[in-house]
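Below are two complexes that have chain A in common, paired first with chain B and then with chain C.
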Partner chain A sequence: MTIFIFALKRILRDKTNVLFLTLFPIAAIFLPLAQEGWPLLPLGYQYFGVLLLFVSIRLTGIMIEDRQKGVVKRLAAAPISHFNYLWQNLLAFSVIMVIQTVIVIIGGHVYGHELYGPWNLAILYIVFTFTSISISLAWNSLYRSKESSFLIFMAVIVLMALLGGILFPMEMMPEAFQRIAVIFPTYWLSEGIEWIVLGEDRGDFLFINGVLLLYALFFLIIGSIRRIS
Partner chain B sequence: MVNVWRFMNIVFLIALWMYQDPPLVSFLFVISLAIIVCLRWRFRLPSWMIIIDLLLCFLFIPFWSSSAYGLALPVYEMMSRQKYRFLIIVILLLTLFELYSIVLLWLLFQAGVFGVWDASSSKQRERYITEADRERHARHALENVKEELLQSSRKAAQLAEVSERNRIARDLHDHVGHDLTGANLALEAYEQLEGKEAEVMLNEVKLRVARSTAMLRDTVHDMTPVARIGVDVLEHIAKEFIHTPVSFQCSGDMQLVPAHYWGLLEPCLKEALTNVARHSDATEVNVNLDVTMYLVRLSIQDNGTGSKHLGEGSGIRNLKVRARANGGSVTVNAVNGYQVVCVLPLEEDGR
Partner chain C sequence: MTIASIKGIVKRYKDQIALDYVDLDIHEGEILGLLGPNGAGKTTLIQCLMGIIPFDKGVIQLFGEEGAVFHHENKKKMGLVTQEITVFEELTAKENLEFFAGVYGLKGEEKKQRVKEALEFVGLSSKAKQSPNKFSGGMKRRLNIACALTHRPKLLIMDEPTVGIDPQSRNHILDAVRKLKEQGTTILYTTHYMEEVQSIATRVVIVDQGQVISEGTVDELIKNIQHEEKIFIDVNDVSTIPIERLRGLEGVKQVQVSGSVVQIISNAGAGNLDRALSIVKETSGVVGIQAEKPNLEDVFLTLTGKQLRDGEDDPS
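Showing the complex of A and B:
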């Protein structure tokens, strides 16, 4: 578990990470409910998915850093498998982000927001945490430098949020875009949020989480490829 | 290449899904297939995993009939791995759901053909690779053998030198040394003696010196090689030639001439002298061997008059080819008598 503990230490040592992990989620708790009737949840909870994506690309950035500094090369020669390195790092990211999610949900509940089903919301966001970590892992495996990966992924996040129906309702978009939106994980997140507020059939919720988990698996397989340089 | 094809199939399924707008559940099918494709890209999955593809198709065809296009992936897989029995399941699925679309069948056929082609080409590639490996291995072994041979020949030369030196030292010590010491002692004794005893002693000294001289000569004779080498060979040939008197002159440092040049110079001289004996009316032959820093020049000149025509026999032609192979030349000239000149270059380092 050395790598796991070291990954936690590295993440918490970085000031910007700490800012992302504390200030923004706390700010999200205190954002008010929108007046127009959409989004259905308080703004902070509607946009929390976007924040999760940002946080996950920041956290997984340390794996690109490892590649840049040649740590991965040295690990290849060390008596530790790539698989070990991968899962301990991913576990560290997941633990941090799950704790963050739980704090936000509990915070919102205590603050007095109408969250409909806090348990369901927690489950949905925890599942989406895994999806976003594996998406950023796969994304990072395409790049050699942390900065370019991060900057381009910011644009991708905005695009996914726009098309996925997080920033504004799906119904406002043209028909064709609504169909394309389905391939984005963010679409399933917004579907999930909608289910929590309005949905009834338990199966739909399971289906949505299932799709998100499958996405997580898909990107994990792509992202777990071992790149030395 | 195969993976590109697989991912293109997934892209096609996604596009089809968007276009046809089937129930949302069938999106699970697309993602699951994509995951399996990813797994196949990353790892070599066992053949029974084809069942999972087929099962997915079986489960989702009732929801979305175009799921049948996903069959292209397992069909490719089973053909490339030569698991033809899975084809029965595909045919069963097609008949069960009454999917007789000609486009679908054609697509599946293409996938199968692609699978067969891929299997055969990868088999061929593997064969080439093993063959190349074997050749590389053989070449490596050959180089090792060559290196060993060179080393052992060097070692043998060294060993021969050492054993020869030992022999000389032993001979000098055992025979010559003992006799000379004895003679020395006898001489010292002779100075002290007079009369008949002195004469006996002197005789003994004479005997010992004579014996050691003979021993020394024998030892030296053992050392000198019996076979002639280098310039001696040429000189010997010239001396042995009885048809016409031959004068042999050489100049320069004979040590500069590499050993294999003698093998060319010798037949050259022989050929020229044979020609003199066979065709010429010459009464005198001059042989000159000059060695300079950069070249070796052997010239055989006679004073014959008859051979104005420069007909070249196969002997001279052969020598020309061999001289050219060493970077030199053999020329024939009949202006003033008959002259054969052989010129060979010397390496800078005097090898």
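Showing the complex of A and C:
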């Protein structure tokens, strides 16, 4: 578990990372309640998915760095498989983000927010954590520089959040946009949030999480193709 | 004993041929200097040998085992010092070594001890708890080398380990390489710096355009291209020098006088320095002597038609 342990160390040694990982969840807990019936959850919980995407691109950036600096090449000469390198890094990112999710859910509960089904919300966020890590992994595989990947992904996050119905109610979008929204993982996150507040059929919730996991698998495959160069 | 044997390796990148039926043996305990101009195929050869990239044709035998470059057990016996400095700036020097030691399967007390030894070996013990971002270029290079040493590799491959560092750090690294050889490590050393190869390599292989074009000891390589020897003797009184006696020496092709300097040109390997000197000393005082001998740079230039240090930045 050397790569896992040192991935955690490397992430937590970066002061900006620590700032993002601590301040943002706290801010999410203390953001005010929504006005006029939308969003259904407190603002911090509606936008938490955006935060997860943001954190995941930041964390997975260390893998671009490894590629840029030749660490991946050096590890290819070592008795460790690329698969091992990949899953231990992904595990480190997941552990950090799951802890963050747990803090946000427990924090919200203690603060007194109405979270409807906190367990279901935790499950949804954790599943979306895997999706966002995979998307970031695939995204980073397209870039040689951590900085350009991060900057362009910021715009992509905003676009996905807008079109997926995280920032505005889907009904406010033109019909064509509403139809294409299903291709964005953020759409399924907002559907999940809606189900937690209003849904009844457990099968719908399973379906939503299943779609998010399929996205995770798809992007994981894309992201793991690029190795050394 | 041959530790690695490369036979007829071919590696293509689309239409471009990077390695063209390369044959190469690395013998146990030697420092093999791998020289070649940019794009010659040195790095590709190293990457094939380390199992980093696959090759199209040929066989690589490692530690007596055929086709074993991708076996983890063999990778444990090999170390790679990359041309790039592949250390983590977020971690301390000690943690960097612990990371690579862990990757090579070391644990517990053994890992601790090896990390300590590696830090001592490269002279960074006092900086163990510092981050490499506070290090000079030379110190980073030394740490980069130490990362490949914790698991005590039998075969150490060093890809341009002294690029861009000060002479003091370079000397430190070259001393370390000699020490490793004394300890029994076999080393494959690539560099642009001819004087490094000349000072540490027991054998040299020159590659160009994906082919091995020459190999042997430094002296053998020089001998192969050397057609004549030149001796310059600066004397007190040139008029007294017995030019005809000098011309009569075996192998001497020409004797010229220019100012106070007598220039003697002989066939390669004639070994006329001592004889010429004693003749000159009989009639005149000697102010200075210079024997012009080709060096590895001349060998390289003769064989490849290229200067070795052109475009040092190119990694291949």
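As a convention for this text, the second predicted complex is superposed on the first by the 228 of 229 C-alpha atoms of A that agree within 3 Å, B and C clash if a C-alpha of one lies under 4 Å from a C-alpha of the other, contacts with A are read in each partner's own complex, and residues count from 1 in each chain.
One rule holds for everything that comes next: a residue touches a chain if its C-beta (ideal position, glycine included) is under 8 Å from a C-beta of that chain, and two chains touch if they have at least 3 such contacts.
Just so it is clear, the structure is predicted and the values come from calculations on it, not from any experiment.
Asker: Kindly say whether there is room for both chain B and chain C on chain A in the superposition, answering fit or clash.
Answerer: fit
Asker: From the overlay on chain A, compute the angle at chain A's CA centre subtended by chain B and chain C, rounding to the nearest 10 degrees.
Answerer: 30
Asker: Using the superposition on chain A described above, determine whether A:Ala77 touches chain B (first), chain C (second), both, or neither.
Answerer: Touch partner of A:Ala77: chain C, not chain B.
Asker: In the superposed arrangement, does A:Val211 touch chain B (first), chain C (second), both or neither?
Answerer: A:Val211 sits against chain B, while chain C stays out of touch.
Asker: In the overlay, answer first, second, both or neither for which of chain B and chain C A:Lys15 touches.
Answerer: neither
Asker: Identify the partner contact of A:Ile221: answer first if only chain B is touched, second if only chain C is, both if each is, neither if none is.
Answerer: In the superposition, A:Ile221 contacts chain B only.
Asker: Answer with first, second, both or neither: which of chain B and chain C does A:Ile180 touch in the superposed model?
Answerer: First partner only, chain B.
Asker: Who wins on chain A residues touched, chain B or chain C?
Answerer: C
Asker: What does the superposition give for the shortest Cα distance from chain B to chain C, in Å?
Answerer: Least C-alpha distance after superposition: 7 Å.
Asker: So which bits of chain A does chain B touch that chain C touches too?
Answerer: Common interface on chain A, chain B vs chain C: nothing in common.
Asker: Given the complex with chain B, which residues does chain A contribute to the contact?
Answerer: Contact set of chain A toward chain B: 179-180, 182-183, 207, 210-211, 214-215, 217-218, 221-222, 224-225.
Asker: Looking at the complex, which residues from chain C come into contact with chain A?
Answerer: 47, 50-53, 72-73, 75-76, 78, 80, 82-86, 88, 90-91, 95, 99-100, 102-105, 147
Asker: So in the complex, which bits of chain A are touching chain C?
Answerer: 2-3, 5-6, 9-10, 13-14, 69-71, 73-80, 228
Asker: Report the residues of chain B in contact with chain A in the complex, numbered from low to high.
Answerer: Within the complex, chain B touches chain A at residues 14, 17-18, 21, 24-25, 27-28, 31-32, 34-35, 38-39, 42.
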